[in-house]
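Shared between the two complexes below is chain A, which has chain B as its partner in the first and chain C in the second.
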Partner chain A sequence: MLLRKKQKQDVDSDILALTKIVGTKSILHYKEDLLSYDCDGFTIHKAMPKAVIFPKNTEEVSAAVKYCSDRNIPFLARGAGTGLSGGAIPLNNEVIISLVKMKHLLEVDYENRQATVQPGFVNLKLTNSISHKGYYYAPDPSSQYVCTIGGNVAENAGGAHCLKYGVTTNHILGLEVVLPDGEIIEISNNGVLDMPGYDLLGILTGSEGTLGIVTKIIVRILKNPEAKKTVLAYFDNVEDGSQAVSDIISAGIIPAALEMMDQTAIEGVEKGAFPVGHPDDIEALLLIEVDGIAEGIEEQIDQILSVCRNRNVREVKVARDEEERGRWWANRKTGFGAMGAISPDYLVQDGVIPRSKLPEVLNKIRSISDEYELRIANIFHAGDGNLHPLILFDSRIEGETDKALKAGTACLKACADAGGSITGEHGVGIEKKEEMRFIFSDEEIEAQTAIRDVFNPNNLLNQGKLFPTPSRCMDIKKVIKETAVTK
Partner chain B sequence: MDNHLLDVASLTDSGRRFGNVSSKIVYPESEDEVVALVTEANDTGKKLSIVSGGTKLGYGGTKSDYDLTLSLKKLSGIIEHTVGDMTVTVKPGTTVTELQTFLGQYNQMVSLDPSSPSTATIGGVIAANESGPKRLKYGSARDHVIGMRVVYANGKIIRTGGKVVKNVAGYDMNKLFIGSMGTLGVVTEITLKLRPIPKHKSLVILSVREEALDNLKAFTKLVQDSLLEPVSLELVTPSMAKRLIDRDEYCLLIALEDVKKSVQFQEVWIDQHKPEEVVMTAHPTPDYFWKTFSELAPNSLTDVGEYTHGVLKIGTKNLDVFPLLQECVRTHHEGRIKVEASGGAGHGLSTIILSGNDASVVDAIQHFQSFATALNGYAVVKHLPSELRKELTIWGEHDGLFKLYKGIKYKQDPNNTLNQQRFIGGI
Partner chain C sequence: MSIKEKELTTNSPPCASNSLSNYLWDDHPDESKWADCVHCGMCLESCPTYLETGQEQHSPRGRVHLIKSVAEGKLEVNEQFMDPVFQCLDCRACTTACPADVDVGGLIEEARGQVRQAMPLTGVKRVVSNFFLKGLFPHPERLQAAGGLLKFYQKSGLQKAVRSTGALRVMPSHLAEMEAIMPDIKQSIHKKYKNVDVIPAKGSSKAQVAMLKGCIMDVMFSDINESTINVLTYNGNDVTLPKNQTCCGALHIHAGDRATGKKLAKQNIEAFKDADKVVVNAAGCGCALKEYPELFQNDPEWREKAEVFSEKIEDISKYLYDTGYIKPQSSINKTITYHDACHLAHGQGVRHEPRQILHDIPGVTYIEQPNADTCCGSAGIYNITNPEMASAILERKMENVPEDAEMISMGNPGCMLQMAMGVQKYGRGGKVVHTVQLLDWAYQEDMKKDNEKKTAAVKE
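And now, the complex of A and B:
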């Protein structure tokens, strides 16, 4: 029945041509099949793609790209679709090139500490595939159990442990890329550092899929640290918690992770899937992890404990074992989703501030919350000043979605005004295009689009992302009004 | 505009020998002056060469007739340092030593260990993407630079990145300028991420005779696969070890930097696991050693021309540093040329210092370029008199990416105003 209905829909010549390239089992083009591709992790905005194709190798990607390019058909790449800023949303009825079938680990070279993966390979699978030899892949976004390394490259993904080990760009050694005209290029094809020439690895990583489609990635792998210790500290006063963060950094300790949650966030995670019994009346908690040579860690833990005590900590404890450590991290890493337990909808923001401005900006966020009459939970990477205000709202209430978006923008403005940035790891996508103006002048934005023009001169690849456009503001507002927010 | 033309004898002398400077040198002291100079040059079709400390005149470029040289040497000093944020904003003409000395007062450092830190400036180090043995643990300029101000060829001031340690807003434009040899803009301000100075530092030196080099290689692999966290795993040839510590053997330099207990634990581990043939010593003054090490390679200020010197930067896979250095030793033993080399077995970057006559240096460079290519790596000439550079492909062969390099250069500097012909493929 369903099959017959599908066959009745028109199949245009582009679909037939793309089907020829990837095969009938690797293309979706009926409306009902495309529905789940109308947005990514940023669900406020939706648009339908022309088709979704699932190439199995670089040559198929290249052929499909060439086909689209020759016919002026917009296209974009998609990984697991976990992006939080709308980078994979087909604003222009794009052909979506999904890389999930290119999901293999191609090679691990332990001696030279590198692994070669296809873009659809899931982040956590890499660590799981090499952990038996004591190695891991460092960037660990919260969605690492599902997000792909190709997507991580596009977004320059971070994670809780990038305070010590750096974000994705610090771990990329080589790339194979299909340029928007279909040409296949290789950059540092065996992972050798500092290849002569401009740093194309650096400019491609974090370009949010606007410069090329990555089809192979060489990443650096690291040896597991000998030991890890995790500390949980509860503060009655959020200022004390923030000061403890500064004190730890000033003491010359570089923790592997230094995370903070405020009272509203704690309420959420305790009602979520992984409660650990945090008290409900504290203003802030810190989750601090140090790793390295076992002999050296004790001393750092002692220092951290004494810093916390000097800052009037109510309770501070060291994880007894891996099981307890795992529970604390599960509670933190599922923090965003846990907000669903205390609010029908939520909007995640991603500002960055200089660490020393933490108390000031948290105060500002509190006043934004009051002003917009929306609760804002804060879960963030305190060690590197990367804030994630979670704006809680109810889309069923007329006008509240709009209010939440405005409150989010106000939080980003507060970060920018404190000398910070509008995104630390989630990317600009479509979500923060206009907010780019908080930190860059028109000329600085033009300097960046000039680079895009070198790679993507016809702007067919992931058009309308990352950079503000003069006419955009009105359109988006209109769409938001028409779109119900769903979780 | 007052051009601040000063007595710059040493720079013009080395300029004659190494190129990349004009007979007319200006020393802007502010960003406004840089803007005025660059704009005027760009509008009138003048060609500018950009220099800073003057240590890298022998690095890239074959053009000898620039209209004007813009030196950033007087655009120096710390602009902003926020201790708690562990970031510093500095002007490009600040020498690496000045910067580290300043930060040292706060127990912080920029974790870069390039050569010639007392004369090389942070602007030059970033433009050439210079790094040293400790890159293994600490990374390179591309890991530390978080923001810049750059004067584009059209005189526009463009800020890249920001002042926070984590930032993915827009393209990561900082990366374009790192290693671009000043061909894309004049950097007037740099913001860097800092690290605390390690609480304890040690340097373990393992030495072996040539016949036992395989054992040292096996041990290097063992260290890499162990729980140790070495800051460097730098292999040096006997000829270089002779100069450094008066020992005519291959040496592996393992820097350990952490809290004292951790460093001591690692020293003991190395002592217990090292192969029999290896002699282990702990250097009494690691900082002093690394300072000496950083001054081994000649640069355009120190190379006064008794011999002809060439310096190569070679990139290979990490462990290919072993066959590369063995080839250096073999060439050295042939007797036509002195070859000293060091290479990071944990990051794959090597430096080869050649000393001989013009012909032997050029021959050796070509030899090592093909040797590196055969290892699927590359060799770049970092230092050589300009006349000899003209005989060589100093950046190695360029590949399918050149079209993109040209596109980037054209977008940022369409008139070829800045450092014309300094970079790969004559960009």
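And now, the complex of A and C:
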């Protein structure tokens, strides 16, 4: 019947045991409540979890992990669920361990320029909490308004300003981790930059939640740059824009950020909630930011302006004030979500290419768009060659999701062929695990799964992510061989 | 997946339980609204209920996901679905945060309409809801009578007796807290201007505006209505109070009673037919009036009328700001902070105008509060229906009120009651006022001084 009362679903013993660990208010197990957890920011695959728990401290995480591990129940960790590669999707009916209630800033040590946070602490809140002292946290993924630092560690998140300041792994100084058997360990280099022995922090950062669950993070904080200037440049054709990117870098400037959007992307952000009035007939725009000591900033800006002019820029301007700069960045940073204004669904890819190949790969992406008859918008970190082709599609049209996935794979293939990689910052997750074969041989993948087995021997933690499933190995090999032959 | 029209217009559940859509009534959530949502999650940190619970189903994108899932036949309209849909404050903060402008509020209201038809209220809830929403708010005369009773309660010594005997202790704590901050009931403008067609501008007349009296506003806060009239006439506006106007229906629409909402909307559209401008001093009402077209998505004739009507609606602070107002000369020497009513900031995009008014009053030391545009938990009658969540949200809100604030200014009566409870409970913020009241008080002082000057001149 439709109008039935609260379902009397059978509550199994696992749910009861987990309830004992975290408390009745910190567990979800009804179908209706779980449905919101069937995907993260990657919405193409969906799967239902067994339960979602919200531990409040490391001990509860450890107890829950131990319970699951002892009984062979698959489990995984989740932050804000904004990941774009499906890393938090419960493919195997996992118990989801949501870390959003562990959301406190534990300590700020200005003297040693470091801060200790819980994994559920939101990225931007760190900068907001320390900005009054003139400090900030550098990695700034576009989702920084909502994403958690725990999730950033799992995915080794990047962001617009990583060109100059590096990605998450360059800012992690220590971790507390619950291993897949429930043991709690601490890894820290105590501020020593070259610790003897293996780089465990490096292995854990970017492991996409397959090696352990991070419960405490020590991050590096930086002093605000003395000066900052932002330039916006409009180009009539994409080639000029891409050439300008290469020219800026080869002129010896390392901008804090060097972002590019193409015409379709501009259409999206201008129809979205934070338009700034970009013209609709340009093929590309560049958003360039330089920062550092005040001395010399003007000189860099002059250089950038003249590079743009040499590359036939239609219009180029420097942000008048912080307000204008803020509007330009809000427009750029909400770019993915704004695609909703021009398309019901999108699939974002995350390829990396050598900067010099930019015009070539963008042309290739354009032909992929024609071939699959799907619009592709490009919003990307041009400075470090990190492309984000956004494949626009409508999942309600039969076969279109499949087409989008294939077009996405083709984009990644183009990046790999150009000597690049299949992911720059979004992670592999479920989305790109088969494409791992574009850049790694079987032996290389086996070597990596061997490392995973040391931490996660029963593969109960976030199973089915990051590495391709063996069964499809032969098919993929065949594809690669065939494409190689036709070349 | 598309929704089959036939199934949506029928009133009886389909035979097969796995039908394409589980929305069985007319006026269902609008597919084009959720098509804009790409599940990016940028809304999460703006949502008060998500911040409180950390749970996806109590977040904007989670709710949109569930509403979509019902249409896709994955979920049914049942109590577990009802919970997230009714826990929403309808504060619209997510709409501000959303990169694609997804109308989450509109979806929630439509979904509530479906829930209420699938599961009509029963028992005490039904009686209480019917009494207030159908029996009281839409009827100005009955409201006046209720106001009279409240006034009697306050003036006769009954309130004193109730408070001293501890009779309040038998009431649920949130209701007792509300009783404690109940404003003094004064004469309503409904009564005062019963036989007046136009309240003339002071001095020469620049424009004519109609004013919405509001239902609860005119009983609990008739002094704010009075201040609104004073401020309008002081600035050269002739004010009319069209006779047939009624409650805006916001509370009904929030509660899922869209049928009554439509009825009231039609009455208001007719009542204000001759007005060019309708000034509103309650953010919630203003937002609801502006959104009347939403109610008539399947009724082209009324939709068109509603669109014409919604163009006329203006919040008092925006109206004053846009048409220019006389800057007061007299000082109010207070430290004042401003709270953005959700339906003013997120619902109508009015943020700067009321702040400017505060800046223009001499003597006011203005301090901005952090997260000024976060919901206070009032949300219509949310603080009565969801007291636990409302009081948690209020606690968060009050933490942000600057300690040295002597007054908190805002533009919505619901917020005023809720924030007054916050002031009482947490002992900070001082006095809760409506922005137009402050302007009115300064003007009154100006007029007094003017009169004194004149009398002095006459005496000389």
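By definition in this document, the second predicted complex is superposed on the first by the 455 of 487 C-alpha atoms of A that agree within 3 Å, B and C clash if a C-alpha of one lies under 4 Å from a C-alpha of the other, contacts with A are read in each partner's own complex, and residues count from 1 in each chain.
Definition applied: contacts are C-beta pairs under 8 Å (C-beta built on N, C-alpha and C of every residue); 3 or more make two chains touch, one makes a residue touch a chain.
Everything numeric in this text was worked out from a predicted model, so none of it was measured.
**Q** Identify the partner contact of A:185: answer first if only chain B is touched, second if only chain C is, both if each is, neither if none is.
**A** first
**Q** Which chain, chain B or chain C, ends up touching more residues of chain A in the combined arrangement?
**A** B
**Q** Touch test for A:80: chain B only (first), chain C only (second), both, or neither?
**A** In the superposition, A:80 contacts chain C only.
**Q** Would you sort A:105 into first (chain B), second (chain C), both or neither based on which partner it touches?
**A** A:105 sits against neither chain B nor chain C.
**Q** Who does A:37 touch here: chain B (first), chain C (second), both, or neither?
**A** second
**Q** Please work out whether A:447 is in contact with chain B alone, chain C alone, both, or neither, and reply first, second, both or neither.
**A** First partner only, chain B.
**Q** Check the residue A:385 against both partner chains and state whether it touches chain B (first), chain C (second), both, or neither.
**A** Only chain B; A:385 stays clear of chain C.
**Q** Once bound in the complex, which stretches of chain A touch chain C?
**A** Listed in rising order, the residues of chain A that touch chain C are 2-7, 28, 30-33, 35-37, 39-41, 43, 52, 54, 80-82, 98, 100-101, 103, 120, 122, 143, 145-147, 272-274, 334-341, 344-346, 396.
**Q** In their complex, what parts of chain A are in touch with chain B?
**A** Checking each residue of chain A against chain B gives 109-113, 134, 155-156, 158, 162, 166-167, 169-170, 185-187, 190-203, 205-207, 223, 225-226, 246, 249-250, 252-254, 292-300, 352-356, 381, 384-386, 419-428, 432, 436, 439-441, 443-445, 447-448, 450-455, 466-467.
**Q** Could you pull out which chain C residues touch chain A in their complex?
**A** For chain C paired with chain A, touching residues are 1-2, 13, 17, 22, 24, 35-45, 54-57, 59, 62, 65-66, 69, 74-81, 83, 96-102, 118-119.
**Q** Across the complex, what residues on chain B touch chain A?
**A** Residues in contact with chain A: 82-87, 107, 129, 139-140, 142-143, 152, 156, 158-160, 162-176, 178-180, 184, 195-197, 199, 221, 224-229, 258-259, 261-266, 313, 315-319, 346-349, 376-378, 380, 395-396, 398, 400-402, 404-405, 407-408, 411-412, 424.
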